[in-house]
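The following pair of complexes shares a single chain, subunit A, combined with subunit B in the former and subunit C in the latter.
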Partner chain A sequence: MALQDICCYLDTLLGAPWNSSSSLSLPFGTEHTDLYSTTSDQKNFFSGTPLERCGGSPLRFFLPPPQIRGQFGKASSFLSNSSPTSSAVARPFPLSHGTTTLGFAFQGGVIAAADTRASCAGLIACPAAHKIQPIHSHLVVTTSGSAADCMLWERILAREIRLYQLRHRRKLSVTGAAKLLSLMLHPFKGTDVCVATTLCGWDRETAEGDEGRTQQDPISSSYNGTSSQAVSDLNQIRPKATAVGRTGPKVCYVCSDGLMLNEDLISVGSGSPYAYSVLDDGWRWKMSVDEAVSLAREAVYRATHRDAYSGNNVDLFHITAHGWSRREREDVKEEYYREKERVWYDRLQIKLQFYAEHVLKFED
Partner chain B sequence: MLSTQFSGNNGGMKEYHYTGPVEHKFSPYAFNGGTVLAVAGEDFAIVASDTRLSEGYSIHSRDSPKCYKLTDTTVIGCSGFHGDCLTLTKIIDARLKMYKHANNKTMTSGAIAAMLSTILYGRRFFPYYVYNIIGGLDEEGRGAVYSFDPVGSYQRDTYKAGGSASAMLQPLLDNQIGFKNMENVQHVPLTKEKAVQLVKDVFISAAERDVYTGDALMICIVTKEGVKEEMVPLRKD
Partner chain C sequence: MEYLIGIQGPDFVLVAADNVAASSIIQMKHDYDKMFKLSEKILLLCVGEAGDTVQFAEYIQKNVQLYKMRNGYELSPAAAANFTRKNLADYLRSRTPYHVNLLLAGHDETDGPSLYYMDYLSALAKAPFAAHGYGAFLTLSILDRYYRPDLTREEAVDLLKKCLEELNKRFILNLPSFTVRLIDKDGIHDMERLPLGPQ
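Showing the complex of A and B:
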């Protein structure tokens, strides 16, 4: 599909507007006027120009006809060729929302962590969702907001980054990818598209030595927590002092309102206040990898404990200059029982000490 | 859609006391009920659905199965609004044919799932009111189940229930197939016969407690030999 795009291969889907509303394989720079059928009563394809400018429209959207859109009492004569701002049809079902995700950078790379609960009004639609998606070997994206929106926009982002890599022979930086996603989402500002993602990645130096490494496969071994290997490798490839702003670990937040933030520590979702309190307490740039991993786990665990819409498991990704590696998924239920035992044991210790100090003395 | 005036927003009935003048709006959606279920095994997949088509207090048909065969290795179950189910399956069939003509091979289950996700998201602002579950065999011959939400978010699972009785069935499947919420239990892999029996039991329970599920059960078993269909009666009241 990416190759098809570059070769400007015109797919036959273009000639069938009734089902091409969701074709992803449209060539770069196509004239979109021939898609607009002039006679049909209900065809109203939306194609935003910012999307064309950034490399071809990623997706065609079907807008409901004015009679349906206008049912909320507005005169909708002006809505026929503008963006779908206030005009979606009332949906008979709720979309999935609610989560805790976080990402932070430190001297040993970037940690991205998330829970795995996908909820839909009061029902847990999926207890084992994947909220952290790898985009390429050095970039992962955490999803928050509406699951379908996040999943599709991340597919589109992965496609655009891959196309960029094929056209320009280098990987787009994390900030660049964030900017691209933000621009792609901007036409949908005001609709109920709800995407709040954190792009966590490692920007690599674009020296000549990098060309050969762009085809490297991502490291995907499961991660056992003993990370002395990763730390010692890092010592050899610490970014240069002059380029410290452009290479190294990077965390960016992009949301469908149009916001793009460049920070060291971000948490998103309904459980983020609880995660922020734990992270703000424990984050330091010079943390070791073990400390960072356990901080991220603790933050997500505390958030799942207090937020009803987060829970089930903790997913953790660690991104270094070598790529991303994934830690095995952990059930928070186990941690809860471990902590309960610890608290019980501590209380027992206090009681025994009290007994020893105050009671045994008198019995001598 | 004669009975839209009698239906509330979620398929239930509106109350019968006088609340003042009510403005009736045309809703393009209706809720036609039905439950679908899919289970993936080691070398098979099962997609099952009931065959009742209802709307509000009426039953339109007792013989309207919600499983549609797409290829020799993939079956889709669609429940929700029947009009959208029909159109969606027509679109999927057409796209399958186009793929076959363009690439000279049949689409795999994973590819169909990815394609369906983009078809559904293309209608993000006027969604298909359909809960889809795809069951089939992947390239290696193992069972695969892909479950969707109405706007295109999807995920590969081992088992999933969708439709009106999904909230009742999913915990039962979690327990019996996923061995969840139980301690000290041996995880026995699921055989085809046991899976079919479990699906029948599960639908009988659903028909007892959900008014929109009943009449008959259609089970499609997908193996490397093809798709086999079985029809089992359920309660008709």
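Showing the complex of A and C:
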């Protein structure tokens, strides 16, 4: 095929090793260390096509030139005497990443919300981006940082989760997926990879059941909605036992610095301080679904109002034990005009009341 | 921004760490545990750069556990501290140095309690009391003044409270709560989280 020829794609029927079971079971880290050793890969490193550099396998992807992390983790490029192509590629323009994404868990599931503006310094590159991507039926990822990096790492995460599911016949938990992503991102610490994601999902009970977890059973069963009595036991604050429980709503933050946090309420991006203040005021574990949805929408709306790099629309996903469902995208412009009218109407009421109380009295 | 403190007594070690996980100006988590259990009687307290702390501490943790699996007995705190230092030193002049500051606290049957101070340049020192972070500037002199080698457990907790009160008074950042743990011959004991607000 013409495209294959142009890309110098190796014919897989010739027995390239990438589709053999042995290479599939290689942990991710070994591919990284291979490139730094003096193997045949090294020869292709500077001169070969991107595919040749990976040893002919589409599953191993090309790592950037080795960088030394200076003191305090700042990246400095490693200048090799042998080839001029080994210096770090200069960026054509300064990368900036503005967004507002948030995710929180409550008794009715997990809400993931984000704006839809993809900005690049002062330009709105895309007013209708998708910052929330579903990975599988019970896991959704909100992305912020560099859009290209996020797209790539989302796909890598989806691939690894699917492979895990095929190998072990169960879905990886949200914390497990977050840990996996964090470990995969660690070799790139100090480079320009900029990914800050929130994994929002629902952990389901495994087929084997949880025999040994008598303490957590009454609480975990409540998440399946089977016991209405258990729901009334849930306090204002989320019961602490469920923080390490196997099932239920989960929100995890992973960033390319290596930080991984398990928390009920996370907001990421340039608009996150504004969103946090609205969320902290309104979040309760016992919220209803409608309250949670309107809180998330309000938080993103307020952040888009104040943050120049967030705006356009609000995307909202709701994840429950039955999977994720997507709300229709809403334009923040509508909310802004609605609020303006509301404020105008309220002020009119106050004026009329004042008139009625003070002016009309004298006339009587 | 982060704060660690350790106080060694005649037969115990008291350690505390703050609970804040921050990202630039935002406190993302208020109940983050910075202590890693290396074995039944050894705790590693780890602060520093965002991903490095967990990565390095978990690496040490798993290796100490591997030692126990292979050999049938646990590493002593001194051995664990030196192992940690060696690893940190090896990574220091590699492409990927770990920028972490550590306190290692443990209790040994033969040597008794011990507290080790380690910084990101992998300098290791056994000390009767130690602290990491900006808060250390404010609290080390309190420890210098009031520490005695024969402190009882209650006195050690009082000394810790004194340090935390000073932080509350003079440290510019808000550190609302601290995880406190005590290690003695019976293992690691969780003590109640110390609040830092006005009493």
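Keep this in mind: the second predicted complex is superposed on the first by the 236 of 364 C-alpha atoms of A that agree within 3 Å, B and C clash if a C-alpha of one lies under 4 Å from a C-alpha of the other, contacts with A are read in each partner's own complex, and residues count from 1 in each chain.
In this text, a residue touches a chain if its C-beta (ideal position, glycine included) is under 8 Å from a C-beta of that chain, and two chains touch if they have at least 3 such contacts.
Because the structure is predicted, anything quoted here is derived from the model rather than measured.
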item	value
Subunit B versus subunit C as contact partner of A:130, first or second or both or neither	first
Subunit B versus subunit C as contact partner of A:186, first or second or both or neither	second
Partner chain in contact with A:120 - subunit B first, subunit C second, else both or neither	first
Partner chain in contact with A:292 - subunit B first, subunit C second, else both or neither	neither
First, second, both or neither for A:266, with subunit B first and subunit C second	second
Which partner, subunit B or subunit C, touches more subunit A residues	B
Subunit B versus subunit C as contact partner of A:149, first or second or both or neither	first
Subunit B versus subunit C as contact partner of A:258, first or second or both or neither	second
Shared contact residues on subunit A - subunit B and subunit C	67-68, 71
Residue ranges of subunit A in contact with subunit B within the complex	12-13, 19, 21-24, 59-64, 67-68, 71, 84, 87-93, 95-96, 118, 120, 123, 125-126, 129-130, 146-152, 155, 191, 193
Subunit A-facing residues of subunit C, complex	21, 23, 25-26, 28-29, 32, 49-52, 54-55, 95-97, 99
Partner subunit C, residues of subunit A touching it in the complex	66-69, 71-73, 78, 182, 185-186, 189-190, 253, 255, 257-263, 266, 272-273, 276
Residue numbers on subunit B that touch subunit A, as the complex places them	9-10, 25-29, 31, 91, 94-95, 98, 102, 117-127, 129, 147, 149-155, 157, 167
